[in-house]
Every structure is written in C-alpha cells, then in structure tokens.
Amino acid sequence: MRTPARLKTCSIFTKQVKLLTLSTKNKIINDPIYGFITIKDPLIYELINHPYFQRLRRISQLGLTYLVYPGAYHTRFHHAIGAMHLMGRAIYTLRQKGQEISSEEERGVLIAILLHDIGHGPFSHALEHTLIPGVSHEALSLKIMEELNLEYNGSLDLAIDIFTNNYSKAYLHQLISSQLDMDRLDYLRRDSFYSGVTEGSVNSERLLTMLNVKDDQLVVDSKGIYSVEKFLVARRLMYWQVYMHKTVISAEFMLVNILKRAKYLAAQGIALDGPATLKHFLKADYTWNDFEENPEILKKFLSLDDFDIMSGIKEWVNNKDVLLSDLSSRIINRDLLKIRLQEKPFAKELSHKMAEGIRDQYGFKQGEEHYMLIIDKVKNHAYNKKKGHINLLYKDGRISDISTAADQMTINALSEPVERHFICFPRELRHLL
Amino acid sequence: MRTPARLKTCSIFTKQVKLLTLSTKNKIINDPIYGFITIKDPLIYELINHPYFQRLRRISQLGLTYLVYPGAYHTRFHHAIGAMHLMGRAIYTLRQKGQEISSEEERGVLIAILLHDIGHGPFSHALEHTLIPGVSHEALSLKIMEELNLEYNGSLDLAIDIFTNNYSKAYLHQLISSQLDMDRLDYLRRDSFYSGVTEGSVNSERLLTMLNVKDDQLVVDSKGIYSVEKFLVARRLMYWQVYMHKTVISAEFMLVNILKRAKYLAAQGIALDGPATLKHFLKADYTWNDFEENPEILKKFLSLDDFDIMSGIKEWVNNKDVLLSDLSSRIINRDLLKIRLQEKPFAKELSHKMAEGIRDQYGFKQGEEHYMLIIDKVKNHAYNKKKGHINLLYKDGRISDISTAADQMTINALSEPVERHFICFPRELRHLL
Amino acid sequence: MRTPARLKTCSIFTKQVKLLTLSTKNKIINDPIYGFITIKDPLIYELINHPYFQRLRRISQLGLTYLVYPGAYHTRFHHAIGAMHLMGRAIYTLRQKGQEISSEEERGVLIAILLHDIGHGPFSHALEHTLIPGVSHEALSLKIMEELNLEYNGSLDLAIDIFTNNYSKAYLHQLISSQLDMDRLDYLRRDSFYSGVTEGSVNSERLLTMLNVKDDQLVVDSKGIYSVEKFLVARRLMYWQVYMHKTVISAEFMLVNILKRAKYLAAQGIALDGPATLKHFLKADYTWNDFEENPEILKKFLSLDDFDIMSGIKEWVNNKDVLLSDLSSRIINRDLLKIRLQEKPFAKELSHKMAEGIRDQYGFKQGEEHYMLIIDKVKNHAYNKKKGHINLLYKDGRISDISTAADQMTINALSEPVERHFICFPRELRHLL
Amino acid sequence: MRTPARLKTCSIFTKQVKLLTLSTKNKIINDPIYGFITIKDPLIYELINHPYFQRLRRISQLGLTYLVYPGAYHTRFHHAIGAMHLMGRAIYTLRQKGQEISSEEERGVLIAILLHDIGHGPFSHALEHTLIPGVSHEALSLKIMEELNLEYNGSLDLAIDIFTNNYSKAYLHQLISSQLDMDRLDYLRRDSFYSGVTEGSVNSERLLTMLNVKDDQLVVDSKGIYSVEKFLVARRLMYWQVYMHKTVISAEFMLVNILKRAKYLAAQGIALDGPATLKHFLKADYTWNDFEENPEILKKFLSLDDFDIMSGIKEWVNNKDVLLSDLSSRIINRDLLKIRLQEKPFAKELSHKMAEGIRDQYGFKQGEEHYMLIIDKVKNHAYNKKKGHINLLYKDGRISDISTAADQMTINALSEPVERHFICFPRELRHLL
C-alpha cells in the first residue's frame, strides 16, 4: 500500500462530480415533520455534505433529555435542515407579499440559518461552558462560517453579513435570530414531535403565512395575533415540561460535574481513558484567543462530538476516582440524583446539612460533596421584550408591539420572567429535606 | 475518600425504595407514537431500570439508516417499550373476546416481549455476524433473560417459557414471534414514523382489534383481511425503501468491512486506538461455548454499544492503515461507496475489472480490494408461509391461511420471495460499469 | 297493502334481536380522532340507535361555520359519541387512581354525557332563541332523558341524577359540566380537527391522565398545570378564530333574521313553502309550559333538524317577500353581509346613517332595515371562575384554584372577559363606515 | 317594499368589488388535510363563489356512508377544492422537472379539475341513475362548464378543451382523469381522513413528487413504483371497506328504492309532500335531449341538492303509502335492511322464498316486494389496464406499464377484477337464509 495522498485526490474529484450532478436535479430529504425537503442549490448541498456539517449528525439536539423522553433523540443536523426548510417557506411567503428578495439574498439567508448552530459542541448547551469555558457556540459558528467562506472562495460573504446583522435588510437577520425566528419555529415543533409532548407543537405553517415586512423589519400580520400567543404559550410549556424538566436538569448538571471532575483529575496529571480528542480538551483550557491564534484548535474541536463524551464516560465508570466513577455509572445506568424545585431559594441550613450528609455518607473531603450536591436556579422568559419585539402589522400600516395590542393580557403575562430554584442530591439523603 | 463499597450499598437501598414507590402509582412514558405508555407492574419497571435494559438506549434500532433518513435515529430501548405497549393492548383485546389470561401470563408475555431484543449488540443486525460470529442475538437474549431470572429469583420463569415456546398457550409465543407479532407491528410503525416514510405506516390499533385465538393459536378475525394485506404491503415497502435502501446497504456493508479490517489488524498484533471493551472483542473470537463457560464475557458484551463502535471508528480515521482509515473517514463524513442494484447477478468480468481498477487506483495488494468492492445480494419475503401462517377466523369457526382466502391474489403475490443483487465500489470507478 | 300496524310489530321485534346480539359482542365505531370507539353496554347501544339520538346526525355541531371552514361540517351525533368515549377514559383513569366507581355509576355518567346535548334543535346555538324562544336546550335535554327513562323503565334514573347534579358524587356531574368537562374536551379537539385550525387542538389524552378526585370534587394533579393553561389558551383561540369568526357571526345572525322574518310573515297569515314541521313551529310560539302540557310538541320538535331549515330557506329564495327572499338567497349562495368588529360600541350616528342608507337603497319601510343591519356584541371568558373552579391537587393533598398557583399570570389573564362589538351591513354601504 | 330589481343590481356590483379586492391579495382556505390552500387567480375565486359551485357545499361526497362512518360527512365542495390544490402541486412539480406549462394552461387545468364534478346531483353516485336516468354527471359537468364559459366570455375555453381531452398536451387531461389523477388522489386521502379508515390513506405528496411527463403523457418516475403499489392497495381497501361497505350498499340501494317508489307514486298522479324542485323531477322524466333543448331544466337541476332529498324523505315518513313510508322511516332512523355478501350469485330459490316471505309478512302485492328485497352485485378493479395505463419512466428514458415491471406480482394481482353478489332483506326474514 502506497500513498494516502491519492485518496485525497479522489475525494476532490468526487466533490466536482457532485456539483455537476446537482445542476440537473434536486436533492430530496425525508423529514417526518415536513414531508419532503428539497435542496436545489448546489452550494448548499455541498455545505450539507461537508464534514463540518455532517458532524452535526453526532450532536444531539436535546442533550440528555432522552433519559426522560426516549423519543427525543434527534440531532442538530436534522434541526438545521428543518430550520432551512422553514426559511425557504418564509422567503416564499414574503415574496408573495411583494417583498423583493434576490436569489443571492435567498442563498445567503438559507446558508446562514443552515449554519447558525454549526459551532455547537457535544451535548450542546449542557457542556457549552464546561469544555471550553468562555467560548460561546455563536462565536464558533461564525468562525466556522468564515473558514468555509475561505474554502468556497467568498461564496458565504452575504450569509455572514446576514448572520452578523451587517446587512441592510434587517428582517433577513431577524428570520435567523429574533423572538420569532425560523430556529425557534423549527426546534419547538421538532422537539415537541420527538418528545411526544404534543402541547408544545407549533403550527409553523400558519405562523409563516402571517409573516410580513415593514420598513425592513420582520412583522406579523395583525390577524396572526392568536397564533403568536399560542406560539409563546407553547414555548413556555416546552421550557418547563421538556427543556427544564426536573430530571433533565439533574442529568445535565451531573454531566457537567463529570466533565469538571475529569478536568480536575487531568489537571492533577492523572491519566484518564477515553478518546484522544476528548483528553486533549480536558487537559487544555483554551480561550478565544487560542482559537484565533491556532487554527488547529478549531479543527480539533470540529472532530469532537457526543460519541466522544459518552465513550469517555463509559470508560470512566471503571476509573479509580470514586467520584468520577460513581457519577459516570449513574449517567450510563440512569440512576440520577434526586431533585427538588421551588420558587424560593433553598435555605442555607439545608445546603449545609446536605453537604455534611454527603461527606459523611461517602467519606468525601470538604468541597468534594459539591459534585453530588447541586444548588442553582433556572429562569425563563417566554417573550422577552428587552431582547427584541414581535411587532404586529395592522391593515392601516401601523405597527405595534404585540403586548400592547388589545386583549393581550396573556402576552403581558408571558413577558414576565419565571424563576425556579433547585437542589440535586443523592436519593438516600432525602430524609434531610 | 474511603469505601466504594458504600456506594454499592446505597444503590441496593435505592432499588427497594423504587419498588415501594411503585406500588402506589403507575409510571408513565411519553411516546410520540402511542401517546402515554403506562407501566403498572413494579417488576417490569425494575427490569426497565436495569442497566442491561438501559443499555438499549445506546443501541440504534436501524443502524446507519439515519445516513439516508435523518430522523431514523431511534433506539432499541424505545422499540422494546413500544412493543410491550402493543402487547398490553393485545392482551386487553383477547380478554375482551373471552380469552382467559391470568395476571401471571400477562406479566410473562409482557416481560418476554420487553426483553426479546435485549441480546442485540451494537448496530444490531449490521454487525451481528462480525463482532461475535456464530452467536445470534436471539441466543443472547435468552441467556440474558436467564441471568435476570437468577437475579429476580425465578420471577421470569414463565416469560422464558413463553419466549422459548415451551408454554401451553402457543398464541402467547406467537404474539412475540410470528408472521404478525407485536415486534413487527411496533417496528414497522415506529420505523415509518421516524424515517418519515409514511407509506410504511401500519394501523396497529386496527390490527390489534382484529386479533383472536382459536385452539390456542393466534388468528385474525376474517373481516381483518384487508388490514393484514395492507400490513404485508407496508412491510414489503419498508423493506425496499428503508431497510434495504441502496445507500443503507452500502453504508452497513462498509461498517462490516471496517470491523473486519480492524479485527484483521488486531489479529496481526497491530495496536488500535478505541474503547477498551471494543478492543477486547476485536482481539477475542468468542464462540457460544465461551459465553457458556465464562460468565464474564456476557458481562463485557453487555457494556458494548453503538458509542464504542463509533468512537473506535472516529479514532481509526487517523490510523496508519490506509484501508481502515479511508473506510472510517468515509463513514464519519458520509462519503459512501457507490452502489448498483439489479435483479440478476453481476457478471464475473465486471467484478474482475473493478477489483483490478481498485488495486490500481489505491495501490492495494491482491485481496485487499474486497474491502472496497462488495458484491452480494439481499432477499425479502413479505409473507413467508414456510415460517408460519397468518390464519383467518371466519364467523362459522373455520380457520384458513390468509393466502387461500378469496380475492387474495395480492397476498399470494406477497408470498413470493424477491431478490436483488448489488455491487458497491468507489465512485471514481463507475466508468467501469 | 293492508296494515301498517304489522310494520310496527316488526320494529319492536328488531329491538329485541339487537339486544340479544349485543350481549355477545361489542360494537365499534370508527372515529377519525380517537380511532376506535367501543360500545360495550347494550343499553347505551340501544340509546344510540334510538330515533331521538339518530336525529343528532342531522344537527350540525357548528351551524354555518362551514361557510368559513369547509371541513367543519361534523354533527352533534359524532360529538356526543366522542364525549362519551372520553368519559370512558376518564372513568378508567379515576379508577386507576383508586376511585371506586360502580358499573351502575359508570353507565349513568356515560348515558348522561351521551345525551347531554340531545335537546339541541336545528343549527344548535344559532337558532336556540329564535325557533322556540325561552326554551333552553338544556331543559329539553332533560325532558328527553325523562322521556327515554319512561321508555326504558327507569334505567336512566341515575344518569338523570348525575346530569341534574343530584347525585352524591359531585365529580361525576363535573365530568359532564364544569370548566374542564368531557364536553369541552371533545368539542375543542373535534372542532379544531374538522376546521383545520390546529392551534385549537387540545391533548385530551394528557388532560385525562391528570384528572383526579378530592373530597368528591373533580381536580387536576398539580403537574398538569401547563396542560390546563394550554387548554384554556386553545379554548380562547377557538372562540375568536372559529366560533366567533367574523364571517360566522354574520352568517348566523342572518340565519336568525331569516327565521324571524319567516315567523313575522307567518304571524301575518302569509303562506310559506317548506317542510310541514318547520311551518308548524313558525306559526306556533311555544313556551315551556306548552311542552310540559302537550307531549305532542316535544315529539314534533324531535322531528325537526337542519334539513328542515335549509330546505325551507331554499324554498324561500323564491318567496315574494323581498327581504325573506334576499336573505335566503344570500345564505344559500354565500353572499353574506359585511361585518366589522371593534372593542368599543359603534357610534349611534353610524347606525342611523346605515339604517337610512339601507332603507334608501332597498326601499324598505322604517324598521325593516334591521333585518340587514345587525348591531350587537359577543363576549368570551376563557376561564370563568364565577361559573366554577379548576382546582389543582398538590402532592401534599392541598387543593387550590389554578389561578392562584404560582406563575399563573397567564391564567389570570385568561380569566378576564373579552368583549367585541360588531356591525353587519350590505357590502355596498361600506362607504358609510 | 318596491323593486327586487335593485337587489339584483347590487349583487352585480358586489361581483366587481370582489374582483378588485382579489387582485391585491390571495384568498386562503383552511383544509384539515393539506393545511392552507391558497387561491391566487381571481377568475378561480369567482368560480368558487358562483352559486353553481357553492351548491356543492350541499352535495355530500360519500352519500349515506356516514351511517357507517359518522365522520364521513364531507362535501363535494371540499373535495373539488382539495383536488385543485393537488393539481397546483402537480403543476409545480412538473415545471420543476423542466416541463413548460404556461399560466393559461395552469389556469385551464386548475379550472377543469375544480369543476370536474360540478354536474353531480344529490347523493352523487347513489341517485345518479334514478333521478334523471340516462344523463351522466360527466355530461352535466361539461354542460355547466359551457354555461359558465358563456357567462365569463370564453375564459373557460382551454379548461373545456383539457377536460374533454381535446388539448394537445394529453398529460393535462390525464391529471384530471386517468388511473392516477388528482381526483383519485384527493378523494382517497380525504375519504380515508374523514372516515377514520386510516389504512386507505395515500401519501399524495410523495406520489406528486414522482409524477413526470414523457412524450406528452403522464408517467411516474420508476423509483415511485412502491408508492403506486401502495396507492392501488389503498384504493382497493377503501373500495371494500368504505365505498362498498355492506351497510352502505344496503342504505344506498334503499335510498334508490325510495326515489323509485316516489317516482312511481308521482306517475300514478298521487300527490307527495316535499320541496318543489324535487317534486318537479319526480314527475318529469328528462332525457339528455330535454337538457339540450330547454335551458330551464339545467337551472332547476342546479338548485337540487341533498337537502331536498332528505327533506322529502322526512316528509314521506308520514306518507300513506306503506312502502314509501316504511323505507323512508328506516333511512331516517337508520333501521336498515339486512345484507349478505358472497362471491357467487345467490340461488334463485332463495330469492323466491324471500320474495314470498316479504309479501306474506307485509301484505305486499306481487312485485312490490322488490322494494325491500335487493339482489345485485358490485365489482371493483383496483387497477384497470383497459381504462388506461400507469406508466413508469426509467432513468434511461424507457417507459413501460407498471404491471410489467419486475417484482410486480402485486400489481398484477390488483389488476384482476373482484366481484361480490349481495342480497338485502328485512331483518326478520333472516331465518330464510
């Protein structure tokens, strides 16, 4: 066997062949939610086939939520394609309503939504601030888009401008990121579909039909008011019933603690089993600056996915460190910490008693108990006016924030933040509550 | 930190607590297909929580099918629960029709269907004959049931008798394994649901309502004839459109070849990266006898799952062996071998030319080309009378095979086997076709 | 041809045969929403087959709503069966939670919900106060139940007690009539299904699972709070988007005016074409007293349905009275009066100008214009605490009204009444607005 | 009150206003099956609003099928709109595949499918050969289109050419009427949806995606073979499970006999109650010639609908003629004749015995018993090659009939006609069977 180099040549050749093929026919993807999703643009098809995007097949959309909702096992890959599909429908609607959107702009906004989450690391939100603290997935998404822009000779310029809100038509950016964007529309419907929590379902088709543009801003035709209200209620419901389901909170905070413990051990110079890439990130503590200066780090990051994390955790079940081993085993066998939620913060005394109880029970040293005693809070805003408006467009051309519309006590109610405090602890200490 | 032993104690305590809790209320699982699935029996709840069963959360139902149908990413865990749900409905129907089924029998048949696939290894069928050749998943399922039977003091005796068809009421076994069993009913509907191939959907509710028992044999009320026909057509459609979709065939045979290559390299004493358990099975070549004699092997097997395989493959992308590396990279980045299907076998000359072309292109040694040139066939029988009958029960008490019923040309047609030959090869050699 | 009497004999014979048949097997009804609905109780099957109940096949559930939503063409028959199905599921759930419900009580509550709307006349709510002013459909439902009770020798005693809230277990009545009853659960889901307004859909299964009983009162398990919120939002949405859709308001008030005009003409002694029964009710002006004293009136009422009304209106298209003819033609050909809705009452001047304009345009006499100029208001309360509570049951046994629960700003908002004023007028006068 | 003439003027004015409105925005119809149906063409919107088309709101799609499937209560109006929607999707697909279809052709084919069933009389197929024997609904549809063409100054010329297969692009006609047309695609899906017989559901979206054109003929891309197979199986299933459900056969033949009896009585000069238009058609016996010569007859026909029939039958319950009264009462109260189906014809002796029994039981004269003793047969062809082909288009450009494709035993089976003989008789005579 001689030259691996030859293989590389082949794969470039392959790329050209694909582009040729595509020009004559569309590519179709089956989606259990929308039916057929058609991909007409060869560049978009190229991007979907790119290893960076294919990686999203191995990043779950909802982290460990499947421990509560076994069907919620879908991936970021599928969500990104779905959001792009909705974007295509939105473009269609807006053009029907007289908005001029060029085919370059269409391509740009489709690419921007397709890649909006490409910077997500394994287990998405759960591990975002643990593996590479201080580096957000949005910043990484942009960095990866720029990387791809180089590879495709500037074809993503417009997509990047739209993504970063540096393009004149603000509504294109708002379709990607606002209080009522294609991202939310797809994930609410998709997460509802796969989890089986049907109340969270959003009628994306109806909402899309109501979209409009006024003075380059995304607005909703006034008769869509009840659909928007329903969308916000669905969002709130999904938040508390799925995303912040108490068992999911417990599992994901345990996952964070496992990684924290592994990083701690790695920092102590203790050898850990597991995939090479994962071990690399456990030892390093990269900052954004590192990503900027050393392109190899992004490349490494782009080979990291859920499989690395789970594979590592599976190895750590047999680790000598009792804490790492016990937490790992609990995740693998779904033997989770117990959790309580309440409106008010938990009393200091409770946390002291619990900490003591855990140290006593397991023989942990001071401070180690916090791997098994998680006290924190979660917060949700179904409609956050501070982050942007959902504006209604009336027949007379007037626009106004949805919460000021007549009869919108409900929407006002949904604008208030809701907060919940929680405590996670080993089941055998629940007599201390 | 003192004794890991203490942790063990806790987890036993936990088990007892759960049993107590359960006696007072049911456990509910959300299913996107059936809605709510209620679990009333504490023993069944225990079994679902058992690490052996939780492992099925990490075994995909359809292997690499998600490379074609991105939604088809569901697990054996979910299928097993779903099939058990349908079994509960079947029991309900049969009791309504006057069949006496004791609560012990109900528990037995529910457990048997719940555990019928527990012996599946990673990537289910795809790797069944590669990782541990000669050991079927059915044999392993039985072995694991026996193991659990020991742990639960014989509570699974009846389940095992039903599973192995050693129980007087044959229809209970037939509900688990026959031409029209709860396994098929669930997987057809579930695979159709998640893949989005809606034509493959089966109206499980209607079929269940038509089930009946005559002389201890499972039969279908005669008016259910069109529903059975529709079930068989759906099965055939799913077979060719999903299970044996040409791209899926290519991907799964590539997966097999990756494992074969890894085993070959391991046998040469070449060190491979990857999870410890996987490496163990690559080096060993266990027979059924080994499983019988050494209980540790089963235990090891039960810690193996899809994550180990994918994690291994991800490491092998960087392996020095060009073959292993190239195939691994192709799977990870979805750059699959091209495939052609046809009714007749492919000509010998073609396979010779292809083999030569590959050796030439990559510089492979004689024989190595077969990792990238796969020539084989697939076969399907929508209704296989040789393996058992679907019998109709007429109002006058008469029963007869569905294919002998009037107007059943369609079913006769579905009884014929269908065969397809295929060839997989690198895309750049397609001029040789 | 001799004796019609003989035919009567036959039909009694028929009734007995049916009862015999039923004792050995269940009856199944296909429902597009719930799948199969099984009827096990022979008495209930008898009641469904009774001409009084079969009449509901000819009473639309949503009146003229199909002029806006063409799919919303379903009948009271289907709704009554659906609500009974949900009741069966509710009973099942409550028994699972330890509530003792005897088979007599089950039959009683099933019959009560089945017959709760049997007193509805043609076009349900729209004509309720026009055809027989001062006689409510609830009063008629009760009267018909009593009639059936005589026919079935007191078998409906318990059903009537539950229906009239004279039975000790108040929750049985509340399942039929309260802020969260089986009636609402079915009609919201059914009306949403048939109209295609999917946002109004209610997850009846999940809500049912959350039902419970505390101190003989119907309550909802506290974790069902978001489902109840979703239910109330759906109800509000259906109200404004379907039941009070502006075009539906216009059509139904026109229908009322047609009947008013026909009654006016009949009172003048002017002969009208149309079905005999309809003409009978146009001429008479029955009070509740008449129903009490003359059993023939109820019988006549029970032969009246949507077909009579539409058939009459079709005849009246050719009536000499211009008003009756024009309004009738507009309904038949869907050429409806234009309508405007607003929060505040319309100005007196507008109504004067409109009245004048209509008189002028059509040559109507003073007062006649009000058949074509409708000024009124509609009002909705998604959750009306004055009419009863939805109470949550907490794990500690405490119960409290849902609007006092934490985080229920939304529910408070939904408790406020919403009012809309409207004006309907001929399209050609809209310049007067 | 003076001039009805003025009202006429207004309604003309109205028509113009609508056209103006439409030019600036689309009209949307909610469909429970397809979601939103958008109507862009003002002429099509006009046609939908035309009284002739609005009449279809009062013609049920499935006649008396709702007596078996209570949900199957939808109208021809809804089906026509649905079929037009699918046509729009088909046009979209074919254009995507490179077919040039002008906007005139699009309008033509949309109008042709919209109006393809406009000639249906009350209860569609059931009464087609009873009310006006010898005049088919297709002939009437064409006549009505020609009428509308006059009214709209020749705007329907192309639609009529396509409808009558006199247009060069044969595939446009085939989309309206062939073995796989938009009519069938919509009605199978719609009837399945409303009846709840989900096995009959057809994935119209997938089938549409597979449509193509070769040499101006409609074909199906070869990879759509399983979808076509599924479509044919669904069609067969709907035929026997819904359209020819034995209870539906009994009800519809009874309906025919009621009308026959009423016509017989009318011919005897006996006065009957009921709507004027219905009585007109009972007395007359119009031929096609009459329709050609006297335009008033068509106009009268166009005011006839299901309401007239049911209203008449309701009146006839009280008719002195025992036969008419008994049959009418049976339909209204769903007390149907019993029916038996079998493969072979029924023996002559049985029919003699039954006839005698009925005469004996009811005191009927010789010949009269045939109103209550119906002996006939029904026949179905899921795929009828004699009436046209479903052709597959292979990648190499070759086309061939689907039944000659490899692996199509099933389709061959579906090409065979299936026949069933039946007998309907009063329940009390079933001991004679």
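Annotations for the structure displayed:
As written, the chain order gives the labels A, B, C and D, with residue 1 at the start of each chain.
Keep this in mind: contacts are C-beta pairs under 8 Å (C-beta built on N, C-alpha and C of every residue); 3 or more make two chains touch, one makes a residue touch a chain.
Just so it is clear, the model here is predicted, and its values are computed rather than measured.
Compared with chain A, the chain whose C-alpha mean position is the greatest distance off is D.
Between A-C and B-C, more C-beta contact pairs are found at A-C. The mean-CA centres of chain B and chain C are about 50 angstrom from one another, to the nearest whole unit. Averaging Cα coordinates per chain places chain A and chain C 45 Å apart.
Taken residue by residue, chain D touches two or more other chains at 35, 206, whereas all remaining positions touch fewer. Residue ranges on chain C touching chain B, taken from their complex, read 26, 28, 35-36, 96, 205-206, 209.
Remark: chain B residues 198-199, 203, 206, 226-227, 229-230, 233-234, 236-237, 240-241, 343, 406-407, 409-410, 412-414, 416, 418 touch chain D in the complex. Those residues of chain A that touch chain B in the shared complex are 1-4, 6-7, 10-11, 13-14, 17, 29-33, 35, 49, 51, 54, 57-58, 66-67, 69-71, 73-75, 77-78, 81, 193-197, 273, 275-277, 303, 305, 307-308, 310-311, 314-315, 322-323, 325-326, 332-335, 361-365, 368, 426-428.
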